[in-house]
Amino acid sequence: MTRRQLATYIFFGVVVILFAISVALKGFFVTFGAFLTLAIFSFLYDDNPYYKFAEHLFVGVSAAYWMCMGFWGTMVPNLFGRLYPPMVGPVIPALKDNPSDPFMLIPLILGIMLLMRLSSKAGWISRWALAFVVGTTAGLNLVRYLRSDFIQQISSTAMPLYVTNSAGFSLGETISNIVIFIGVMCGLIYFFFSKEHKGAFGAGARAGVIVLMITFGASFGYTVMARISLLVGRMQYLLDSWLGMIG
Amino acid sequence: MTNGAMKKQSLVERLQYIDRRIIFAFIAVAVIVPLLIGAQLKEKTTPIVQAMFDNVEGLPEGSRVLLSYDYGPTTAPEIQPMVDAMVRHCAERKCKMYMMAVWATGHNLTGETIEGVLRPDFPDLEYGVDFINLGYKAGNQGLIRLILVDFKTMYSTDANNIAIDDFPMMENITSLRNFDLIVSFGGGFPGIKEWIQFAGDPGNIPIGGGCTAVGAPNLYPYYPSQLVGLLGGAKGAAEYENALIIAYPKYEDYPMAGMSLMVSQTVAHIVIIFFIVFGNVLYFILRARGMTKEGLGGVR
Amino acid sequence: MGYSVISGLRKSVPTCIIALTLLLGPSAFAQESPDTATVDSVFVSEAVESAASPRAAQLNVVQDSRGDAGGAISVKWFRSPDDGMGADNITGYEIFRSESPDGLFESVGFASRGRTSFEDATTVDGQTYYYYLATVSATGVSRSGVSAGARSSAQWLNTRDIDTLIIGFIICFSVIFFIYHAQKGKKLFLRKIAGLEAVDEAIGRATEMGRPILFIPGIQDLDNVQTVAGLTILGRIARTIADYDTKINMPVSRSIVMATARETIKQAYVAAGRPDAYSDDMVYYLTDEQFGYVAAVDGIMVREKPATCFYLGAFFAESLIMAETGNSIGAIQIAGTAMPSQLPFFIAACDYTLIGEELFAASAYLSDEPRQLGALKGQDVGKIIAMSVILVLCILFSVAAITESESILSLANTFKGWFSLS
Amino acid sequence: MRRTFPILITVVVGWVLIVADFIPHKPFGNLGDDFALYFDIIAVFAFILGGGNLFRIHLTKVQKKKKDWPFSIVTLGGFIVMLAAGLFKIGNPGGIQGDVAAVGSLFNDMYMQIFTPLQASMFALLAFFVGSASYRAFRAKTTEATILLIAAFIVLLGRTPFGLWLTSGLTGDMSFLQLPNLTDWIMDVPNLAGQRAIMIGIALGVISMSLRLILGVERTYLGGDSD
């Protein structure tokens, strides 16, 4: 046994003992939660068996979690509950007298087509379901983005570049509006694909890059604090719920 | 980082490629120490938060407010304080509160508000009369589209599977248009943006939002025409709490979650600022000596 | 076979447009319907108003809600003189409805003070309804006269969205025009996108080092266009990978994405003439859970040490966790997303980042197909339209502000109204 | 047939949905919602595909005693227990009629005690990575990088009371230079302009991408343009 292996085993022993003490004092669930938290944080030092354990557990549990939520939240009420309501009567009594909707056969058939992937011979049928999904995505998003992100953003940018308020000419707002105007214009110039960024156009694109850099820098800086709040939440759990060291 | 063992490096050069684990340790300490001490930090209310506050403050008694819990336990440390503050405010205004979730994970968190704020501090409010928990329904933005025109098809029962028609406050609720204000809490998808796109814009319903500080900048463009106000991150929560204290002085000495969160955040924030300054100072020293390597971690 | 589809499509597009016009045309002209009641037909309220009651608001128009699926009548009124003013500030307006002018009226909704319209979305199409409005304050209630009858009905054209339709038509038309124009063979100029220039080099590096390529198509399902964009890029990359026989490792968080990605890569191997080299194990599902997924991806990164990481699709908070881990193992990282909040993190931690629109353009760039590139030209036309409209609107508003001219201001507002959501 | 028909499906579905968006009348009015619901249901079918795939991979690892196979047992165990708890609503106070995530059920317990701490801890790693990323990336190397650095630095400082304290001397006409005010200005003005440009660009990208899909020009998602 090498020294490294020995150290690993001793460390494991210590973890087990501390775990046992904590379970005795604080109960299993809080201890296990704290153990998992620390196991995830240990990844910051390096990959290790504790992280591997937490990671593998997480994958298994969460995959099953979403499957169950999908089954009880969507499949039962929205597919079976609409296709043939009496069938879900024993589970969701409120739905059992609803009228039946034969159109729900469409997703049922498409869903079964998708499962054809499991067969090597009929796997190609799954493409029909995928094609349906892609068509839906394209159709729904085209109009949605046109409306909320294209048209609406244009009208939001429509504003006077010379602002007066009750006190007369407002220099601050005028400057702000001009900056927004130039910023949006140059930002759009940057995204032009079919024109070379040269000359005046190139200068516009360059200004666009600057605007984008300010945007990214500002968003990053703005975010830092938020990210820390999540860590604070976890530390509160460790220090307060587990160790009882706060207040 | 680098395997600098090959050739001898100056101290400055080695610090340039400082092991990131050292930064990690500093951040951990910066977060833990203020927590152990325990302190609160007041925040001046900014206009976008004040707008949200004023909107709620302007709601007449009995107004219907829909609160959508579109977040999960991961962002709860950041978002729960603002939910609590707004629910408290709505309760003070005697608004009727309808809690729902477009996120499956929001389901459990509605209980936290009810048990943590409404039951202890507003014992007079009655379930089904003053507030109701409608629970989670699948369907993401599709759900929002559906309930914009037809509320009761999707919500035939509350979260505890009791028929919706048993509750007096559900009378006359046929579509989202019956609500005086919809507030979505959450930074991800589906979230405030989807509420704007699928309910606020088509239904002409006032939408308010509370989101993570990360999501906030993306939502600024919607304010004020499509969004009545926005709370961003713990700071937004602390600002709302501040507005609440000014309007309702009885909360002056009340422990406010957002304000205590701000302390640890601020300290860790300053640590990161320190490291950025430190890194740039090293960089300029090295550049003066002509020893920089270009391109590392460069921008595009 | 595919070519026949395309040529068929080319023929059918104009037909579709014509059919659409024919379909929409008549309804566009048939806008006026008799389901309208205006103030003229409202008889004056005889309700008793005590001294404490607020002054009543009067009805303006009661009519079928325009351009909807039926089942709604919109009620508009003029604000009460006490709305928002003085000590007797009202709380709001309660809307009452009945099926006959002298029948039993019931409340259908409440609008806060300041509002001047309400949509009663609980009507039955074809049934005639009568409305009156009660102005409510803390001290009393006063009611308006009863409106004339109004009926709701469904329309064939969403007239409220006619501006969206027109603008959408122009944009779509310009994209479609350039798609087919480009087919005629005129070579288009396209500016360079650094991230795409680096794709081949990044794949080459992984091949040389004998290490895998990690491809992450975002964490959203196929109902997000960004995921589709990521997969179309995968389609291009997979061809190179199949040619070089580079190892690809693609953990995904949605099983529909898994099915699609397998199909995509498999076809690339078939096209490269080596279908046997393909294996379903290249693409595998982990979990739908955002952080469960990222925990596993991080593990895969530190254990398998991919030489190149692609992150192309819709990302949320996990972006930085993956990109920083990828950075620490020294991988070349190419990212692309249309999630503005995650772009800063990719820019900070990756070697190359495709910003927003560039993600959608990438597969066209990599395809080098004239039709695909033509679509990019069409996008540029969209930008020119956006910029021109913004320019004209800003000039109009500025002129209105400088000259303080009401008429220019109303002109500007009308024009802006075309670009506002109803 | 194997390639052409799917493309036809995409084309027809896409166009119908676009047209339907402007027709409120039945049966078009709700088509978008219906199709979105169909997608959700197909996605649940896909869970069977995904879950089955996960199960098979880890089972193979255990059977063949591949590297790290004991950890695959952890995945399988977590998966099976959670799946059983959820599908059969084990320990649910409302029985089989109760809400799947009802408080008191095994499913909810596992969610709250295992899932939640793992999820929150993973998310909290970001606090550390944001630190290391800013240390490395925010260096004044090029003009662009310097602008990025300055914008980030002002906003970082402006969001702390430290920033207010540092610049509280600037009053009156100069008060707009106080760091919190400057931060707000950067967020509300240049940041907003950049975000808008990105948003408009993305909208055009989505429109063009969708059109390429529903014209059948972009077909890589079905395995490339060769037949």
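Labels for the chains are A, B, C and D, by order of writing; each one numbers its residues from 1.
We adopt the following convention: a contact is a pair of C-beta atoms (placed from the backbone, for glycine too) under 8 Å apart; a residue touches a chain by one contact, two chains touch by 3 or more.
Predicted model, so just to flag it, every value in this text is computed and none were measured.
S.K.: What are the chains that subunit B and subunit C both touch?
M.R.: A, D
S.K.: In how few steps can one go from subunit A to subunit C if every step must land on a touching chain?
M.R.: So the least number of steps between the two chains is 1.
S.K.: Measuring centre to centre with C-alpha atoms, which chain is farthest from subunit C?
M.R.: It is B whose centre lies farthest from that of subunit C.
S.K.: For this structure, which two chains have more C-beta pairs in contact than any other pair?
M.R.: By contact count, the leading interface is A-D.
S.K.: Between subunit B and subunit D, what distance separates the C-alpha centroids? Give it in angstrom.
M.R.: Here subunit B and subunit D have centroids separated by 17 Å.
S.K.: For subunit A and subunit D, what's the span in angstrom between their mean Cα positions?
M.R.: About 3 Å, centre to centre.
S.K.: Would you give the residues of subunit C that are in contact with at least 2 other chains, written as numbers and ranges?
M.R.: If we look for residues of subunit C contacting two or more partner chains, we find 69, 161, 164, 168, 171-172, 223-225, 228, 256, 259-260, 263, 285-289, 291-292, 295, 317, 327, 340-341, 343, 345, 347-349, 355-358, 361, 376, 379, 382-383, 386, 421.
S.K.: Among all residues of subunit D, which ones touch two or more of the remaining chains?
M.R.: 3, 7, 11, 15, 21, 32, 36-37, 39-40, 42-43, 46-47, 49-51, 54, 97, 101, 111, 115-116, 118-120, 122-123, 125-128, 130, 132, 134, 136-138, 144, 148-149, 152-153, 156, 159, 187-188, 191-192, 195-196, 198-202, 204, 206-207, 209-211, 213, 221-222
S.K.: By residue number and range, which residues of subunit A touch two or more other chains?
M.R.: Only 40, 43-44, 52, 54-56, 58-59, 61-63, 65-66, 69-70, 73-74, 78, 92, 114, 117, 127, 130, 133-134, 136-138, 140-143, 145-148, 150, 152-154, 156-157, 181, 184, 188, 191, 212-213, 215-220, 222-225, 227-228, 230-231, 233-234 qualify.
S.K.: Quick one: do these chains touch in a line, a ring, a star, all-to-all (complete), or other?
M.R.: Drawn as a graph, the chains make a fully connected set, so complete.
S.K.: Flag every residue of subunit B that touches subunit D in the complex, lowest number first.
M.R.: Where subunit B meets subunit D, its residues are 18, 20, 23-24, 26-28, 31, 41, 44, 46, 72-77, 104, 107-108, 111, 135-136, 138-142, 145-146, 159-161, 217-218, 220-221, 235, 266, 268-273, 275-276, 278-280, 283-284, 292, 294, 296-300.
S.K.: Going by the contact rule at the top, pick out the subunit D residues touching subunit A in the complex.
M.R.: 2-3, 5-7, 9-18, 21, 32, 34-52, 54, 58, 68, 71-72, 74-83, 85-87, 96-97, 100-101, 107, 109-111, 113-128, 130, 134, 144, 147-156, 159, 176, 185-204, 206-207, 209-211, 213-214, 221-222
S.K.: Could you list, by residue number, the parts of subunit C that touch subunit A in their complex?
M.R.: Against subunit A, subunit C makes touches at 161, 163-164, 167-168, 171-172, 188-191, 222-225, 228, 256, 259-260, 262-263, 285-289, 291-293, 295-296, 298-299, 302-303, 340-341, 343-345, 347-348, 355-358, 361, 376-377, 379-380, 382-383, 386-387, 389-391, 393-395, 397-398, 400-402, 404, 412, 416, 419-421.
S.K.: Which residues of subunit A touch subunit D in their complex?
M.R.: 29, 32-34, 36-37, 40-41, 43-44, 52-75, 78-79, 90-93, 103-104, 106-108, 110-112, 114-115, 117-118, 124, 127-143, 145-146, 149-150, 153-154, 156-157, 172, 176, 179-184, 186-188, 190-191, 208-225, 227-228, 230-231, 233-234, 237
S.K.: Which residues of subunit D touch subunit B once you look at their complex with the stated criterion?
M.R.: It is residues 32-33, 36-37, 39-40, 94, 97-99, 101, 103, 108, 111-112, 116, 119-120, 122-123, 127-128, 130-132, 134-142, 144-145, 148-149, 152-153, 156-157, 159-162, 180, 184, 187-188, 191-192, 195-196, 199 of subunit D that touch subunit B.
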